[in-house]
């Protein structure tokens, strides 16, 4: 253990702002990346679902009259 | 009532037509005909006030169209060679915009209209990704929710398939029956019964008329 | 050399295979990350010159290295994709770029946060910094280009071409920046003389590097699967997958 | 009528957000130009800080310039502009809406990203504030002036460089007043007077430019 | 095949000369940007002379950038590009012809006008020659690199700013080597090595870029 | 001989057509028909090699068209929705360019050709200043001096007046009689005698074919 106490650990020898800023932003960007990736997967799924719905709509409209 | 008196159109020092006069009353369809380059599009741009004639005047309800543009545009729908559809927006968004800005008082369901013009299933695709005919349909869809009396359509049937042409013709007849007016050009034969429309045939100016 | 890959050159099989590999990468990335970080932040001794600020190194250097690593992956994949017309390789390019960009951003940001206490400025126009910044631009360009195409097959090919062009360009940038910088002002960063590192500092660094690499692998696989799903979404197996997942959802709810 | 304004702005923003990259693009361009200068000129922080306001302003000008094309050109090509001119609303008003949207998409991002550039170019806090305020007042003027230029050149093929030719001289006064204000701030003097001057120019531009633009459009699209 | 090259160049030049302003435009733009800087930065001659090469190079870069759009975009919109890709000649070759014409229309004018700017910015003779030579070798590289970017973004609406994002990192080495050479000239050192390096890059670009461009076009136009 | 085997076209993850096969031999005209958005233009872009099929192959004289593009392009003329005409150049200059780059071996007199397509008097006007139909005529003029065997025409009659359509149809028949091949789409009825051409009708994929 390089630090005597927990508050020492937080203080980071006077560099706390920079060290925790660096770690914090890094963590945030990784979290952002993960969220982006997972939500992408969900988006693709819902896109496919939407397309299936759309195909149903097309079929329903196929034999109507007076449609351009 | 749309009234043109002694219109003369000059483009780049070339006279396109000279002393053209005609009147269009409620319930009439006017089919402007003529070979390529005779000046149909130029005439239409005069009629909607995008350019101004070399001589002559254009009146809408007895008033020059330039004198009160806004109230003229409230009753006039123009669909030209270029469609005026934003390619990055979907068909739905495009129609919604045209409705809200041009005919906000008409009740309308964009989905319904898109179904009527045969774009079911393409509502949420950016229009850039539609085929030539489908893009044209988005532009023409405005006719389905327009409360304008006067429609000015420059080659509306371009890229539209046969079934589509039939449907549009029916719509035009219906519009005329409700007291609307239509001015259109097309190089195809109209299959509208002849009593419903009259023709205006543009000719190239003869040698004598070429200069005024 | 690519023979072993061939049976998996079909999208569905690649999807399944990468799904099987993913947990292993995660299983490597998470423990190493926790161990490396705790060790680096709390147990490694402070630097005799830089004090505790040097602890930034445990993310700075792995991120910087893996930013390069990601680009190499992309370059190889782009080359394979373009030369042998393998669409899966083009998907890999697209899948890797955002991760590389995030790593590059982390390297830049942590570097800046380190530079402020060490050099007294958030940013100086030093050779290494500049080329890292340009690497970020290159990444962003690739991502933006990929996203701008709506047809993902074309998008993948365009991104691959740009990646390859970037490969030729990156070494040139590297050297040009180094020469340019040394000509003007060689002495900006003398404060940053690399101390030969003590082992108890080095080991957590190595652990962190492994962790970042494994996480890179995990994310690439995840995004790669996304790409496959997107492009194969007209195939029955994807439809079946979607249907089964949505029915699972409704059962769960 | 206010509704028409909203509709036009909404459509513009929608189009831009559809291409997500479109919103970030002006920022990126701006950032890249600003990073080019240290590479071209040298990395001495004192020198950089000295010329930084000038560089940032010129970069803003160029970013605006590059994006003007899209202000009306796309609309002209696809016929939307024609239709806008046939809408039952005053053209000046619709045009103002388009310009406002343009500023939201180009001027505002530049404002938002300027703190970052201040760090890159080692700017003082005081100088930065002057820079920020001049950008805040100046970029809308740029959008308005640029729109006049675009409206004049729209009917011409390849008006792009002609546009810059028309527009750059118009924007020189803004550039000069702004850099004067920033210089004053750097030397700790008051620059309120200059800001007021810029603000007056903004007011004049907002009231007069739409008429010039509408008139130019009527000429160009015919 | 050589005939095809000539035909394409001829057509491009013909189109540009038809719009006479098109030939002058890059020059004007260049001149205006260069004059903007003294306005933005201040008129101290020593300072100006110091940053002049950087400014001129950045201006050349931006002038090139502004004109790239026209390299393929117009052709794409009116379908000429499609037709060019269907011509019975190697696409790389036709593309090279287009780029050559582009350089004639943008790079060359900048070269011709550079003596004037040297006077504006109080450059030494020695420095000027270095500037001239680097521009001579560097601007064709810019045209080639820019063409890659254009070819990649051509099918996209509003690729303009995306193009700059792609292109600027590509052109940074040229900028750096050129300003290094100019600096060396200013301090009376030999800059032949750097010129040779630039020339090597030109050779590499001339041989490789057309392939990248042709491949990109096949992707974009599909 | 143009031969398509089992073509499948996918655009944006949507299947347009599936397993399309046909053969075109010397002297044949193929009219591709189908409603808007069915994939005619997409098919043509495959045929000319501007995009590549998801599956299947296209052969010209028993060779894949991608294997030797240049020699294929020596014998193929494509006129698409977009005309490929430079608006700032005159009709004369445009034709001269197309001649010199594409069919340099054909003897030709640009003035003569322009007369044949009805543009006498407009030879030296920048094409931007021509009407929609006149611009289209400039593009179509290439057929008059082409020595290519295979013509691929995507809606050639757009914006062309009736007399013009007749003339073009005659030209197509003549080309076929000389052993040429034509693939074209149009939404208008052809007035070519039916023995001269065959039809290929594209349909929307049925539910079973929607996914492959």
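Should a chain be cited, it is by its letter among A, B, C, D, E and F, assigned in written order, with residues numbered from 1 in that chain.
The criterion applied here is as follows: a contact is a pair of C-beta atoms (placed from the backbone, for glycine too) under 8 Å apart; a residue touches a chain by one contact, two chains touch by 3 or more.
Nothing here was measured: the structure is a model prediction, and the numbers come from that model.
Q: Please identify the chain with the largest separation between its CA centroid and the CA centroid of chain D.
A: It is F whose centre lies farthest from that of chain D.
Q: Looking across all chain pairs, point out the one with the most C-beta pairs in contact.
A: More C-beta pairs are in contact between D-E than between any other chains.
Q: Could you label the chain D-chain E interface same or different, taking same to mean over half of its residue numbers are used by both chains?
A: Answer same: the two copies use largely identical residue numbers here.
Q: Could you work out how far the Cα centre of chain E sits from that of chain F, in whole Å?
A: Comparing mean C-alpha positions, chain F is 37 Å from chain E.
Q: Can you work out the whole-Å distance between the CA centroids of chain C and chain E?
A: Taking the average C-alpha coordinate of chain C and of chain E, the gap between them is 32 Å.
Q: Compute the distance, rounded to whole Å, between the mean C-alpha positions of chain D and chain E.
A: Centre separation, chain D to chain E: 25 Å.
Q: If I count partner chains per residue in chain F, which residues reach a count of at least 2?
A: 11-14, 81, 87-88, 210
Q: Spell out, as numbers or ranges, the residues of chain E touching 2 or more other chains.
A: Counting only residues that touch two or more other chains, chain E contributes 19, 77, 156-157, 162, 165, 168-169, 172, 176, 179, 183, 222.
Q: Show the residues in chain A shared as contacts by 2 or more other chains, in ascending order.
A: Within chain A, the residues that touch at least two other chains are 51, 55.
Q: Note which residues of chain E are touching chain F in the complex, please.
A: Listed in rising order, the residues are 3-4, 7-8, 10-11, 14-15, 18-19, 77-80, 82-83, 85-90, 221-222.
Q: Help me check something: in the complex, which residues belonging to chain E touch chain B?
A: Counting only chain E, the residues touching chain B are 157.
Q: Could you pull out which chain C residues touch chain F in their complex?
A: Interface residues on chain C, with respect to chain F: 150-151, 230-231, 233-236, 239.
Q: Give the list of chain F residues in touch with chain B in this complex.
A: Residue positions touching the partner: 11-12, 34-41, 81, 118, 122, 125, 129-134, 136-137, 155, 158-165, 187-188.
Q: Hey, which residues of chain A end up touching chain B in the complex?
A: 50, 54-55, 57-58, 60-61, 64, 66-68
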